[in-house]
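Quick one: this structure, given as structure tokens, is what I'll be asking you about.
For clarity, chains are labelled A, B, C and D in written order, and residue numbers in each chain start from 1.
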Amino acid sequence: MIQLFHVSKCYPGDAPVLDDVTLRIEKGEFVWLTGPSGAGKSTLLKLLFCADQPTSGQILVGGRNVGRLTQAGVPFLRRNIGVVFQDFKLLENRTVVENVGYALEVLGASDSEIRERALRRLEQVGLKHKATSLPLRLSGGEQQRVAIARALVNEPTILLADEPTGNLDPGLTDSILQLLFDANARGTTVVVATHDRGLLSRYHKRTIALDKGKVTSDA
Amino acid sequence: MIAHVAWRLSRRAAVNLWRAPLPSLVSVLTIALALFLGMSFAIGLAFARSLLVSWGAQASITLYLDPATTDDQARALLARVLESEPDADAVYVDRAQALRRLRVDLGDLAGALDGLAQNPLPPTIEVTPRGSPEPAVVRVIAAQLQRLPQVAQVDYGREWLDKLTALGRSLRGFGLGSLIAVLGAALLVVANTIRLAVYARRDEIEIMKLVGATDGYVRMPFLLEGALQGLLGAGLALGSLAAADRWFLPRVQQAFVFASGVAAPQILLSHALLLLGIGALVGLFGSWLAVARFLRT
Amino acid sequence: MIAHVAWRLSRRAAVNLWRAPLPSLVSVLTIALALFLGMSFAIGLAFARSLLVSWGAQASITLYLDPATTDDQARALLARVLESEPDADAVYVDRAQALRRLRVDLGDLAGALDGLAQNPLPPTIEVTPRGSPEPAVVRVIAAQLQRLPQVAQVDYGREWLDKLTALGRSLRGFGLGSLIAVLGAALLVVANTIRLAVYARRDEIEIMKLVGATDGYVRMPFLLEGALQGLLGAGLALGSLAAADRWFLPRVQQAFVFASGVAAPQILLSHALLLLGIGALVGLFGSWLAVARFLRT
Amino acid sequence: MIQLFHVSKCYPGDAPVLDDVTLRIEKGEFVWLTGPSGAGKSTLLKLLFCADQPTSGQILVGGRNVGRLTQAGVPFLRRNIGVVFQDFKLLENRTVVENVGYALEVLGASDSEIRERALRRLEQVGLKHKATSLPLRLSGGEQQRVAIARALVNEPTILLADEPTGNLDPGLTDSILQLLFDANARGTTVVVATHDRGLLSRYHKRTIALDKGKVTSDA
């Protein structure tokens, strides 16, 4: 499903952020991506949904070479990928339910369908009662859960979650992870970047460790 | 599909206007000012030119008759004038009438005439060409009347007519030039203001793209809002023009008595529609440019 | 302390301009347009009025003499005129000269004169008051000259002089009124544009306050940037005026031949300084209002 | 140092966010503030540095009644309080070192002193090499550490840290906490809001638990 061949990413004047990364993630896999702060986890995820281009190397997502996508092809790639951003990236001037629904709106779903599916996801993350709030009125953990609901709402074939539980208490963390596992069980390929050693040890899954842009272990 | 997307986007445009009115407000105001200026400039120009034309047209020709002319001779002459210039009105003003007029014109200064031993004014025939003849035509008529007997001197305000002609020509060139320059500058400001309004929402554009919206889908609500802002701006400009027309112009009307005979500038429905159309286009196009700028990054 | 804070803030203003030029750019452009419009409006108004005054002043008085007057009589009369009106120039135009002039004036149409059996033009004395006398004064002089012997008719373009007087009065009222209205609207747009520019940086203001900056310390860089933007805007407006003066006006100069004698509008250093001062104040005050709005929340 | 008497905070139309909270934190104490997502931890911290006003109740910070502060008094309160915000709140158009230095700048320190002290703090959080980067170019964990450096830079008498390690790997978490403990040892009163049960169990300190706006335990 996801393949990286000798991918490097450099910003001028700095040490490379990703350094010759080669990886293969199969369809339906669940993968932890871990590593210290600044290791390049978020950068790696960004490359997968084409928010940035690698300096060198090739990336295949769902069989397509991401580097060869046209300007018009990018949105269609992204619609098959749900992303939970580390900084949430919620639309400030839209309510919670509108934010979650936006991922469906771009697909051209009908208003009633958007609303129904968005509310269902919000219920799963425990935020149905905040549906009409604006994101700035939410607590950090609530914002994070809205971001998770949005990523899941259109049943993407790939789910990329960047530190999705950093602002959640242990109880919520487990229930959110259960949502990710459920999606995975329905066939979604899931990649979760996390620092939380507790999670890694509680849920044994394939774990890719990055350090200074290099893959240091993969098991 | 298209219809319900359009409906959804219109709803969103309205909601955005409600939740964050400032950027839209500024765009609307700027567009309104630009259109108001352009429009009043154009109206002022048109008015000034029609004023000049009317002044040129009012240019009457005065035939100063030989002081020795009798009333009968003068009346016979008047008939000849009317006959030879079918496109003109003419009246005979005798010496006594001329003196009375002068007294009235002089007002407080009329006392200066009291010392006169005899009426020094010659009788005149005043010829007023009908329609709005060009200055050149007025000149020919004057030259023809000059040949009539008993006509001592023909006066048709040659000097002033020349000045008006030159002023009219310069208004055409200068006015149009500066209209274009000012409109260009105003458009530049409008475009940049819209860009600033979009800049204030650049995060939104980024997020929309990251969540899988096509460029077109991101652009759409901005275009719609831009067009709406343009329409509102044009409406505001029209409203201000109408208000100026209604409340401001009458106050300076007395200063414009000299312009009686020139139709007051009128905002026609077609002008209003044109202005609304221009407003919508400006808003639309400005938003397009602005969004394109942030879509690229 | 004050000095190094000022230096630090100036540095920051420059850095901000460099890192996020758009908001500043838009403010600068808007201020420039507003000042440019206001300034050229004011200049145009001043120019139009001095043009009118000069036209009024040019109003020469023509004494049409009795056709029977001999050259000697006319010259004696000229001497009397010069004596009684020490503030005026006067020349004698004999009948032949008058006809030659008419031919030149008529140009292509001069043929119309060929049929004349005898020269129909009377001799004239042309009196030109020196200085720029008011229309009322011109009237008195005309009335006095009227009393002289051999003077058949005095013509001083009364009708036109009245129109000019009225036009001048209306320009004063109407022009000043619309100058104020346009400047008011432009200021409104400028203030709102600066507010939008500050709005695009509202997060910054919030964070500064949360980290312990006093309102004054938050406001300071915005005020400085506002003043800088105002100065730049005024500079741009001045530059455009100078450019228009240099490149645009000469092109329409030929259309302005009739205005020879009126000093071309000049941008004086004092005007430039005034404009820069106004620009800085507008930027400063606009920023103050805008920041106050976001400091409160 | 910090006292709350019957403090409540309500937003119209919602259940109260804080509900009759009475607390006393002594000078030089180190306190964990914990509770599930949306419990009101961030709101409580906000009230302490006057970013919001309680609906009812009194708050004393350093002996002053926060509710009675004038508009002009607020900045002076804040200068004695270092805050690590849950969403970092870095100035986007300033470099990392300028961001950290800003807390000193408002105190009127000299340029060289600001630079020196800011760089020292950046070194302590392991980011000296990023001093001239803009915050948007940093990873999530790096941004969080900049926020921590800024909170510590002017040796505040009170330090409020909202989820300061949510984006940090365990190694960094420990070294950052060590910085907080050091500050505490130098006399700073420290309140840390966190979800991380691991921290609570590893570092035994007074722990105040909130739930739905009420203090449920304090030990």
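Criterion: contacts are C-beta pairs under 8 Å (C-beta built on N, C-alpha and C of every residue); 3 or more make two chains touch, one makes a residue touch a chain.
If you're wondering where the values come from, they're calculated on a predicted model, not measured in any experiment.
Trainee: If you walk touching chains, what's the least steps from chain A to chain D?
Mentor: Steps on the shortest route: 1.
Trainee: Quick check: how many Å separate the C-alpha centres of chain B and chain C?
Mentor: So the centroids are 19 Å from each other.
Trainee: Give, as an integer number of Å, the spacing between the C-alpha centres of chain D and chain C.
Mentor: From the centre of chain C to the centre of chain D is 62 Å.
Trainee: What is the distance, in whole Å, between the centres of chain A and chain C, each centre taken as the mean of its C-alpha atoms?
Mentor: 65
Trainee: Given which chains touch which, is the overall layout a line, a ring, a star, complete, or other?
Mentor: It is a ring, because the chains touch in a row that closes back on itself.
Trainee: By the touch definition up top, name every chain pair that qualifies.
Mentor: Contacting pairs: A-B, A-D, B-C, C-D.
Trainee: What residues on chain B touch chain A, complex-wise?
Mentor: Touching chain A from chain B are residues 1, 4-5, 8, 16, 19-20, 201, 203-204, 206-215, 217.
Trainee: Can you list the chain A residues touching chain B in their complex?
Mentor: 49, 51, 71-72, 75-76, 78-79, 81, 83, 85, 89-93, 102-103, 105-108, 110-111, 150
Trainee: For chain C, which residues count as touching chain B in their complex?
Mentor: Result: residues 22-23, 25-26, 29-30, 33, 36-37, 40, 55, 64, 66-67, 102, 105-106, 109, 112-113, 115-116, 120-122, 136, 139-140, 143-144, 146-147, 151-153, 155, 157-160, 162-163, 166-167, 169-170, 173-174, 177-178, 181-182, 185-186, 188-189, 192-193, 195-197, 199-200, 240, 244, 248, 251-252, 255-258 of chain C touch chain B.
Trainee: Touching residues of chain A toward chain D in the complex: what are they?
Mentor: Against chain D, the touching part of chain A is residues 11, 34-38, 41-43, 86-87, 137, 139-142, 145, 162-163, 166-172, 195, 197-198.
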